[in-house]
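In what follows, chain A forms one complex with chain B and a second complex with chain C.
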Partner chain A sequence: MSLLSIDQLRVRHRGVTVVDGVSFSIEAGESLALVGESGSGKSQTALAMLGLLPATATIEGSVRLRGEELLGAPRATLDGVRGRRIAMVFQDPMSSLNPCLTIGLQMAEVLEQHRGMRRADALREAQAMLDAVRINEPRRRLGQYPHELSGGMRQRVLIATALLARPELLIADEPTTALDATVQAEVLALLDELRQALGLSLLLITHDLGVVSGHCERMLVMYAGRLVEAGPTRAVLAAPRHPYSAALLASRPSLHGPKPHRLPAIAGQPPDPSRRPPGCAFAPRCAAVQPSCRVQVPILQTDGLRAWACPVVAAGNQGETGVEDRNGA
Partner chain B sequence: MLSRAATRLLTAVPTLFVLVGLSFFLMHAAPGGPFDSERSLAPEVEARLNAQFHLDEPAWRQFGRYLGGLLHGDLGPSLQYEGRSVAGLIGDGAPVSAALGAVALLLALTGGVALGAIAALRRDSALDRGLMLLALLGLSLPSYVVAPLLILVFALALDWLPAGGWDGPASVLLPAVALALPQLAAIARLTRGALGEVLAAPWIRAARAKGLPERLIVFRHALRPALLPVLSWLGPAAAGLMTGSVVVEQVFGIPGIGRYFVQGALNRDYTLVLGVVLFYGALVVTFNFLVDLAYGLLDPRTRPT
Partner chain C sequence: MKAGAFGQPAVAVPAMVLLLIVLLAAIGPWLAPQPFDAIDFDADWAAAPSLAHPFGTDDLGRDLFARVCVGGRLSLAVGLVSTLVSLAIGVLWGAVAGWFGGRIDALLMRLVDVLYALPFMFFVILLMVLFGRHWLLIFVAIGAVSWLDMARIVRGQTLALRRQPFIDAAIVSGLGSTAILVRHVLPNLGGVVIVCATLTIPQAILVESFLSFLGLGIQEPATSWGALVNDGARAIDATPWGLIFPAGFLATTLLAFNRLGDALRAALDVPGR
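The block that comes next holds the complex of A and B.
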């Protein structure tokens, strides 16, 4: 049984569909990337999984943790899952910590809640965890407030907090976007290391393909609320089958070769979720578009290992996407 | 911290000086004088009175004289209450007003925060709408309507509480409620707004993601930052409550200092007006200072490092 299986997840805010029939699963110990532009629905998917969307959102489908349904589960059940079996690290380390409470309290409360520990013991464990994420002077940090820490340090604190209760799955929503490049690399390396040491699964939400390639075994690509491609990271990056994945890959700046006059970009804009075109949402921007693409939403076809939602591309002849694969892989 | 507090207190001196100066010259610029009345006094009598209180001197000299007195802690004699000093009048009335104000403040704060929090947690429910309607009512009903209504219901109809006077704890309740009501309503609205905002903050979502029960989310994570705007409001509001209200004190027959604000001004009782203005100003400065200290307790970002 998969650790977590998401089936036909659909999220609507006031009639606007932002996640549309997303299905995937995460295996124990696996690292999975969820890739997409901002607004593609990747964060909404994660929040819906944990019941963290506002009450005004309509959520359909199924999210099962080792078979147990989480969607619509009572708060008590969710509180037993959140932070304890599935932990989440958010994008912005500046605003994800309560400015009025000490780091120590914000860490210790997780253990008090999920392990029934007393404050003193919880603080001792928190200190050890701060040490494990390589924060200097961990003991002093416990008494400090978020504003007294740097951005990178705060993100480490959030990661340490997430890992305190030894969760089975860590969801990291753009964990490094708010950090500068060197700190970003450090935090990602730390995540890798901890994942292997603790044997936990990772769902990494990102728009950065560079982050995906080095840190995740499998990847999912989302566009306009739908899953458009899934597969092993290496295979997808080497030969994307959905034109959107290919275009995304082609628009990565490269360190090699002549410096382009302008950075390559996908022509057009992603659709406004309230005015998504009928048929394939990527059709208006797609170089390989066919008349049928504008009518019918492509189904996700699979060859067992990979899946892609494009009828134009058949398995094995991805060269026909009409999008130049600059990496030439 | 201590030096910051001391600096804050020192800046109160020029503030109060400006306050006294403005009040003094405004007061003297207003037409009429303390000894004008329908029945005019004999010119010699009026001249003697003016001389006795130095009102025949130029304004700047009177001001200097007044400041000189202030330095000795002397607020001067009342021009209207014969034989009474301003300090004596305030000294008699202030404890009464302060006691009443303290009870009202407690009511407004506990009631306002509790009702505001309930409204914020049940946002857009019928309960929320009902509470906010009541709050609007509390804000807009003037105390000369509320106070007689309270007397009518709880003193005359139900006979639970005395209708007026200043005699034991029971007599405090009705005037305190009348005094507290608008503040309670304002605090409820402030709390609702601020708590609603904080509950939408990313760190609240992060706290939920940690699996914390709602009780901890609200009381540990949300309430503290949500009380900051209430705290800012509290400085001037507390000073206002402690100095009493003309209307409430009049309706319930309470010997506080609220009435001096109006009577003093109407009678051109220069020294009394300056005295109560100075007293009120000092209270505002004091409470704002206390609020600053409390801010540091609630929000570590405002603490000096």
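The block that comes next holds the complex of A and C.
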């Protein structure tokens, strides 16, 4: 059984669908990337999974953690899952820590809550975890306030806090977006290392394909609330099957090959979620668009290993996506 | 919260002034030449300040220094009570309303609206009619209204805090709703609460002075700054010291509290990043 399986997840805010029938699963020990541009619904998917969306949102479908349904579960059940079995690290390390409490208190809290530990024991464990995420002088850090730490250090603290209760799954929502490039690499390497050491699964939400290629075994691509492509990272990056993935890849700079005059960009804008086109959401921007694309929402087809939501490419004319494949990894 | 706030002159100066005033109100009556309600038959009635009576005497020959100190006790006590009520009821009321939201919020805040809408003077007069004139009623009346502002301000602050990512982070780490309210929301209200409290104190002192001025407050021979100012204002031509001293203490105290509140707001502003 998969660690976490999401089936036909649909999220609506006041009638506007932001996540539209997303299904995927995460296996134990796996690292999975959820890729998409801003507004594609990737964060909404994660928030919906953990029951963090405001009460005004309508959520349909199912999210099962080892068979146990999380959608619509009572608060008490969720409190036992969140932090204990599924932990999450947010995008902005600046505001994800309580400015009024010391690092030590915020970390100890998780252990007191989930493992019923006493304060002194919890602090000792927190110190060990800070050491594991390679924060220097962990003992002193416990007594410090968030504003005394740098951004990278705070993100490490958040990762350490998330891992304290030994969760099975860590969801990282753009964990490095707010950090410097060098710190980014360190934090990602740390995540990799901890994942292997602790045997946890990682769901990495990002818009950075570079991050995906180095750190995730499998990737999902979302566009306008729908899953458009899924598969092993290496295969998807080497030969994307959905025109959107292909266009994304084409628009990133490469170290190899001739230097293009300008980087190709995807023409147009992602659709407004309240006025999505009737057929394929990517059709207005797609170079390989067919008349049928504008009428019918493409279904996700699969060959067992990969999945893609584009009938045009399925016909075998990959050359007609209008975008050359490039070796992204 | 940083202990270093009191090292800053903007905070330390008004705090020291207030400390001196409180000390004077506490031990002043023992230093005075005679009890606050005793009459000095040797001195002139309404005597000007002198060595025997540093603040002079009032029109009955009572020592004004002793009366200012005793009056200060009542005025400061009113300020203290209003603060305690604001802290005990106002903070909890506002935080619960803002945090749990929905129907709880609507119910709690409509109750605050109703109390707000009640005409204050009518309320005080009603109390006096029902229970007779008693100094305790001043505390009841002021206590009943002083927490309303606090509740509203705290609710607003809680609503803003609820959207902070670290609250989401706390929810994701599996903390229960009440635990998050106590551990994450309340500490973050500290700055606002302290500032609001320091502004509530002078307001309550003013309300008491106002009630005493109207004759609805403290009764002779007991007194408060407001009552003393009232007496002094009536004889301002003949005995200006009767107005100057209590009014000076009242104004200094109010100013000090306001400055303290302002300085604390700046000093306790928790750095977000």
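Following the convention adopted for this analysis, the second predicted complex is superposed on the first by the 316 of 329 C-alpha atoms of A that agree within 3 Å, B and C clash if a C-alpha of one lies under 4 Å from a C-alpha of the other, contacts with A are read in each partner's own complex, and residues count from 1 in each chain.
Heads up, the rule we're going with is that a residue touches a chain if its C-beta (ideal position, glycine included) is under 8 Å from a C-beta of that chain, and two chains touch if they have at least 3 such contacts.
Values in this document were obtained by computation on a predicted structure and should not be read as measured data.
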Original post:
Which partner does A:88 contact after superposing on A: first (chain B), second (chain C), both, neither?
Top reply: both
Original post:
Of the two partner chains, chain B (first) and chain C (second), which one does A:50 touch, if any: first, second, both, or neither?
Top reply: both
Original post:
Which holds for A:286: it touches chain B only (first), chain C only (second), both, or neither?
Top reply: neither
Original post:
Is A:3 contacted by the first partner chain B, the second partner chain C, both or neither?
Top reply: neither
Original post:
In the superposed view, which residues of chain A touch chain B and also chain C?
Top reply: 50, 52, 75, 78-84, 87-88, 90, 92, 95-101, 109-110, 113-114, 147, 158, 161, 165
Original post:
If you look only at chain A, which of its residues touch chain B in the complex?
Top reply: 47, 50, 52, 75, 78-84, 87-88, 90, 92, 95-101, 109-110, 113-114, 145, 147, 158, 161, 165
Original post:
Can you list the residues on chain A that touch chain C in the complex?
Top reply: 50, 52, 75, 78-84, 87-88, 90, 92, 94-101, 109-110, 113-114, 147, 158, 161-162, 165
Original post:
Which residues, counting only chain B, touch chain A once they are in their complex?
Top reply: 201-203, 205-214, 216, 220-221, 224-225, 298-301
Original post:
Hey, which residues of chain C end up touching chain A in the complex?
Top reply: 1, 164-166, 168-177, 179, 183-184, 187-188, 190, 270-273
